[in-house]
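Below you'll find a set of structures to go through.
Below, subunit A partners subunit B and then partners subunit C, in two separate complexes.
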Partner chain A sequence: MSAATPRFTFGQAAVALAIGAFLVTFLVVPVLMVIYIAFTNPDGSLTLAHFQGFFQLSLMRESFYNSLYVAVMTVLLSTLIAVPLAYLTARFEFRGAVLIQTLGVLPLVMPAFVGASAMQLLFGRSGTVNLILQDAFGFTLPIMQGLNGVIFVETLHYFPFILLNVTVALANIDTAMEESAQNLGSSGFRLFRRIVFPLALPGYIAGASLVFIKVFDDLGTPLVLNVTNMLAPQAYLRVTSIGIEDPIGYVICVILVAFSVSAMAGSMWFLRGRDFATVNRGGVASLRRRLSPWQSVLAYGWIIAVLLLILSPHLGILLLSFSKVWSYSLLPEAWTLEHYPAVIENSSRMIWNTLLYCGLAALFCVIIGTAIAYLVQRTRVPGRHLLDAMVTAALAMPGVVLGIGYLRTFKNVEIPFTETALTSSWVIFVLAYTIRRLPYALRSCMAALSQVHISLEESAQNLGASRRRTIQRIVVPLMIGGIAAGFVTSFITAAVEISETILLTSRESLAPMSYGIYLYMQSISGRGPGAALAVITVLIVAVGTYISNHLIRTRAAHQTAAHIKAGAK
Partner chain B sequence: MGPNNKVRVDISNVSLAYGPTVVLRDVSLAIEPGEFFALLGPSGSGKSTLLRMIAGFTQPQSGQILVAGEDITRVPPWKRDIGMVFQNYALWPHMTVAENVAFGLEERRLPTEDVRRRVAAALELVGLSELAARRPGQLSGGQQQRVAVARTIAIEPKVLLLDEPLSNLDAKLRLHMRTELLLLQRKLGITTIFVTHDQEEALSISDRVAVLDAGVIQQVGTPMDLFDNPVNRFIANFVGTINLMKGELRDGGRVFEAPDIGRIAMPPGVAPPGGRVEIAFRPHALALVAQGAAGGADRIEVPGTVSHREFLGEFVRYRVNVGATEIVADQTHYGGQPDFAPGAAVAVRIDPAQIKFLAA
Partner chain C sequence: MRMRHLAIALSLAGLLAAPAARAQQQVVIVTSFPKEITETYKKAFEAKNPGIRVEILNKPTPAGVAYIREAPANNKPDVFWVSAPDAFEVLAREKLLAKISNPNKDAPSKIGNYPVNDPQGYYLGQALAGYGLMWNTRYMKANKLPDPKEWADLTKPVYFGHVAMSSPSRSGTTHLTVETILQGEGWDKGWADLLRISGNCAAITERSFGVPDGVNNGQFGIGLVIDFFGLAGKASGFPVEFVYPSVTAIVPANIGMVAGAKNAENAQKFINYTLSVEGQELLFDPKISRLPVLPAVYKKAPAGFPNPFSGTIKPKVNFDSDLSEARYYVVSAIFDHTITFRHKELVAATKAIDTAAAKLAGKKNPQAEALLKEARDLAFTPIVGEARSKDKEFLALWRETKRDAAKAKQITALEEYWGTQARKNYAKAVELANQAAALAK
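This part shows the complex of A and B:
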């Protein structure tokens, strides 16, 4: 590059500025607003009185401990389920690998709050399992009682984050690391404890911190299970019952943000300099051991038990959607098909709303994601890393906090040229979903662009294509798999979003499907139609997940070819 | 770490195949106590697999591996007491240098005091005592290798295995470490087997070399023996540079006739009496002179034209077109030595005693 080359073009700076303004308006300002209100008196003077008030309420102290307890217990239980499964797939030769991959994806296609009501029917006090236990052995297990239920449902939903991260981490460990330990006399559990687990620890920490954040911030699951003595439900209840001015709600938000951000920052701090990415260097492909017969029994037993547990909410919802009456019985006592037509007729508005909000949000996500990826990886526009950092921070922003922040920040703002308030229009959903799903889309776009070798662009420019034409004809076509995967991921995760959705739904005609399910599940008679709507949602999400996996896989193959052609190492 | 622990390693009739792909075929080797033994071969020759078998990471489908006369073929790696230094060193990034070196001793449940003493001794031996508290990521490639060596010899293994030990080092360091490894091995007296694809490396430091190709041992011998008496075309080509020419011996070995270069008269008593052979001779074992130059009556003389000339410092490498083939000729360079430009008409003079006859 000659000294005369400017560091960036006007167009690049304009794009960066526009994205920056968007992020500041709809991410930074709402969060700061929440924090500001938590620390100020109505007259604007600084105060800690709201925090004192918070800790003086025994319900708040209880909610605080409960949220911490639930998040920590969920991480522990998820670890117990996920780590053995990950170790099994990565280090042993057996045919259960497909099963375990299924285990990893299945829970993700069904939002935790949807599964929660089915779990009540299966594992609740008078649910299927406890009825059987009562009949056979004369006792019941309080699996779904209070906090136990939240922990149980969240664990089954979120353990895949640990499973996937640890599996990848294990697969990335150079086999020589373990072989050299064996060579020096180590084997069995000692080998695992001293070498394998420490090397996979970064992956574990990444997964575990994510689980902690998700569970700590979750609003939908506790609400559906009618557990309100936790932080997120309390924030929601204070704001909706006492009012948007109640400072305690904001204090809760600050606590949620503080814990989420410190969990994320803590894991990043821990991972710093510890990224033991020690991929094989031409070594032998795998170090898979054979399972002895009794090990096989144990392994398959474990996998099947976990699979059954994971399938139970899916099965439960499916049964519920066809049931006329299901209470105090092993299985539904009367069957019906009418929930589906009813739901499609009554809720077509919600289905349409979901498609509209999530489709638009996903589109904005990939456009902004692609732009930021390009700015970060290919230009020297000042502040490009700040954009990346802001989006990444959105990952740690609880939906409840953003929801409350939006309601407060934009409460008197009207959409230009209309008489409608922003907070009571459908536009707010699109904005909220875009901000919250942007981190996923950005990761996808970043990865896609980093796979496009720079020489492919340089050769286009060398042949006369301008920077804009190069992006249009070379960069975007080569990134398209990643962009599409980012779109689908953003779409399906937005479709099952519940925390912000509950807060932002000002009237029923604006509600998306996720809110519909939540609403139906509130009443006994609504369970059937709610389940039917949930099945439809899960199908949409499952198809989306399948498409996105497919896109990622073909992209990988495609990109390898581009890689080789580019002569990269 | 005394010299009394020298053991022999016997590999007998070891075979391994994955489906139709033969990895090792009926490999037998006897490695003497205290020997510095090289397994040399191109990539895919099976040399690394053989080394991994000795360490226990791969099982042969048939055959046996004996260490000090004891069959260890089915013993798991962690019970073998055979130290291996991995190609990429495989230092654990979550442990310090000292913790890495202590690992094997701790696995052997040695008293803390002994562990400390032996770690210090091993690090002292490789000259890294002052880096004990560092992490592997903070070390240079050469230092990492020393740690890997220290970690392995700390357990005082019966046999030391080195997998391409110098391949990850830069050229200068490689020469240095090569000497150091040999000195260390001599000091410890430990039976050492090392794998390499670099013939120069194998020839320069090992006592004996086994050359593998396509899973089969082609030749075993001292470096000089392999260089001087290659048993087949593969060895001749793989060990050093050589000129090869296929042809037929006639008239009781008095005439060598090759389609590329025509008839060459052979002095009596040099060649076998007849049949199809391949003659082989080294580029440095021949002389290049102007055509029609005097002398050379006791040499085989072949006329040709210089096609290419490379100046390599100590010598000049010429490529000479002879008939339809090409002969590589290395001429030592010093003051007053004649220099031939491409296109020059020259004669290649070959000392008959330096010609090897290989079965064609």
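This part shows the complex of A and C:
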């Protein structure tokens, strides 16, 4: 860049300010509001009484320990499933790699609470598995009961976060490290424990902290499994049945935020100041080791077992969506096709709502994400890193907290020019989804922009293009793969979200599909249609995921092309 | 490029404007009823009244009460439609209901001793509901369990781990069931039975619907449910049965208009429709299976449908809604802090007592018997005695607004005391029962 460039332009500052104002209004203020109420009396004076009240209730202490226990156990179990799978694909000659890639995505396309109700039918007290066990051996396994059930369901839903992160991390390790270790005589588990895993630690920590946060904050799964002695359900129950004024609900919110933020900050702190860098990147194919025959058996056995487990909620939902009656039997005994037309007739509105809210939210996400990425990487506008930090912090904001914060902050706010209150309009969904998906979109946009070589922009400007035209014609088109990936990630994660959706739904006609499924699942003849709606959601999300994978691949191709072009200059 | 941007902006603006342009007449209904009921009424009413859109807001009863209380004055919903009459009492006391005119001249004024419509005119009976037991026939057969007839049957050890119920703080209908038992058996005996039944429960579910759902799919053997859940489950083809025990009350499920309703006129129209002959006949839909309030409508009832006006159900309890309303929050709080949140410990105590009792059966061991009796007393005596439950000052504590720090602290301390005391009692009961069992050798 030439030295004569001013620090920043007026336009850049205006964009930064607008984004800042948006983030402050819809992220910072609602969360601060929640924190403020937890620490004050009705007259506004500061107090710690609500916190004392919280810790005096042994129920709350128990909920706190339960939430912590479930989150930690889920991380441990997810690690057990994910790390061997990642290691297998990255380091061994192995034909199951495609299978494992599928494994990585499948659980994420179904909301955890939907999976929970399907898994009741398969693993519950009188589920398929236990009926077989009871018949054959005379005992049953309490897999789906109480905290066990929550841990089981959450593990199967969230382990891909660890799998994906560790796989990427392994791929980026310099294989010379392992070769040296092997030359020095290390092998097997020792090689993994002393060399490979420590080097892959950044990826593992990133994935594990994400799993911890997600599980700690999850509302839908415990509710569906009738587990109420956990923090998120307690916050929801207090605020919905006692009222939005109940201070304990806010105290719970503050604790949820504190833990999520410290989990994230902790993982960042842990990774800071340690050197994980290796000289070369990338695994060389020749290093892939062969599995001995019995190792192969073990590996394939493990993968097939995990695959079966992971597929079980999908299978359960599919069966349920075609079943008329499924009661105390291995499989449904009467089948029907009528749930699908019924759902499409009655709930097309919800499908449309999901497309509208999540589409708009994803659009805002990538617009804001691209703008922040540009501000951070290409300008010197003061406060640009603050924007980045605020968005990243949103990752640790539980849906329940944001939902309660919105209800409280915008209680009496009306949308300009209409008589609708903001909290009872559909706009609130778009806002909430945008804020909570922004971190995903921002990461994609940041990555995309960092791979666009700055010389391309400089060339355009040397040839006389204005800054704005450069962004329009050069930067955005080159980033488009990353932007699209960010859009799709935001879209699919918003489509399966339930925590804030339950809290913010003020009219059934405004509800998105995730709420529709929840509602259907609460009625006698609704399990079939609910399952059908879930299958439709999964299909929409799966198509979205496929597109996003496709775009990421073509983006990679694009960028190589861009780099070659840049190099040719 | 510019043109394309403009087109995108315009279509976005169109999207944003669309819902506003569609603004039309509507009526907003807060209800705890399942989708089968709301969807059926929505469709029928909209067909009859073109131009009025029915907006359903589905919430569990207590959450619905909280929602109406907290909705801003300019944005109140219009109609409140749930089973539990005591929820209406709570709303009426807080001046959150409007008086409505009664179109239902043919409905009887009383069912048993219970007025079908609110004497003060704040809410009207829209259907009748009884409470009973529902069970999964396959589950019962597989586990070799006898069919229950009465609440008291569920206190028997044979049903240990096979029962399910919800919590009164989460479900208005469960609150009614609990009150019915308390009023039918008396406070102390009622709580003893409830504690014993809860000790037999496999789960205390988060929503009342969790019970019939679990019974339908065979997770639970027997559930305590409102009648239409059982009847509708049976009508939908599930292998379930339903009975009204003799300690039951027939109570109206009600409908009322919210004070300050934005669409008061449409609200009255909707209420009138649900009470018309046509609206009443909709209740016979197998997916709904509720009891109409108009006796004349029963001529069209499907075969085998219970009729509270012909004596097919014989309720023994005359439900006292004033009493129920007076202790509404207290009953919920006691239930939650000694049962729902301490369920694991209660189940452990029940199991230990059952085991000891089985070992002692047929043996004469006065010392062990005494220990066992002490264990039973510890586990199955309510934390709040009958005298205290009538104490006005004690009850008043729960009626005040929640955010007064001093009051909140008092309640919190009390709830904490109940919780820890219950846990201690259950642990002690396990200990005593184990001692008794050891003596039986």
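One rule holds for everything that comes next: the second predicted complex is superposed on the first by the 552 of 569 C-alpha atoms of A that agree within 3 Å, B and C clash if a C-alpha of one lies under 4 Å from a C-alpha of the other, contacts with A are read in each partner's own complex, and residues count from 1 in each chain.
Following the convention adopted for this analysis, a contact is a pair of C-beta atoms (placed from the backbone, for glycine too) under 8 Å apart; a residue touches a chain by one contact, two chains touch by 3 or more.
A quick note: this is a predicted structure, and the numbers were derived from the prediction, not measured.
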Under the stated touch criterion, which partner chain does A:V325 make contact with: subunit B (first), subunit C (second), both, or neither?
second
Return first, second, both or neither, reflecting whether A:A181 touches subunit B, subunit C, both chains, or no partner chain.
first
In the overlaid three-chain picture, which partner chain does A:S509 touch, first (subunit B) or second (subunit C), both, or neither?
second
Contacts for A:S312 in the overlay, against subunit B (first) and subunit C (second): which applies, first, second, both or neither?
neither
Mind telling me which of the two, subunit B or subunit C, contacts the most residues of subunit A?
C
Touching A:I195, do we find subunit B (first), subunit C (second), both, or neither?
first
Which superposed partner A:A49 touches (first subunit B, second subunit C, both, neither):
second
Which part of subunit C faces subunit A closely enough to touch in the complex?
1, 12, 15, 19-20, 28, 34-36, 38-39, 53, 55-60, 62-63, 66-67, 69-70, 72, 74-75, 136, 138-139, 142, 169-170, 202-207, 209-210, 212-213, 216-220, 229, 232-233, 236-240, 287, 337, 340-341, 344, 401-405, 408-409, 412-413, 415-416, 419-420, 423
Sites on subunit A touched by subunit C in the complex
41-42, 47, 49, 53, 56-59, 62, 120-121, 124-127, 145-146, 223, 226, 228-229, 233, 237, 240-248, 324-329, 334, 346, 356, 360, 411-412, 418-421, 424-426, 472, 505-509, 519-527
Complex contacts: residues of subunit B adjacent to subunit A:
52, 55-58, 76-84, 86-88, 90, 92-94, 103-104, 107-108, 137, 148, 151-152, 155
Give every residue of subunit A touching subunit B within the complex, in rising order.
174, 176-177, 179-187, 190, 194-195, 198-199, 201, 273-274, 276, 278, 281-284
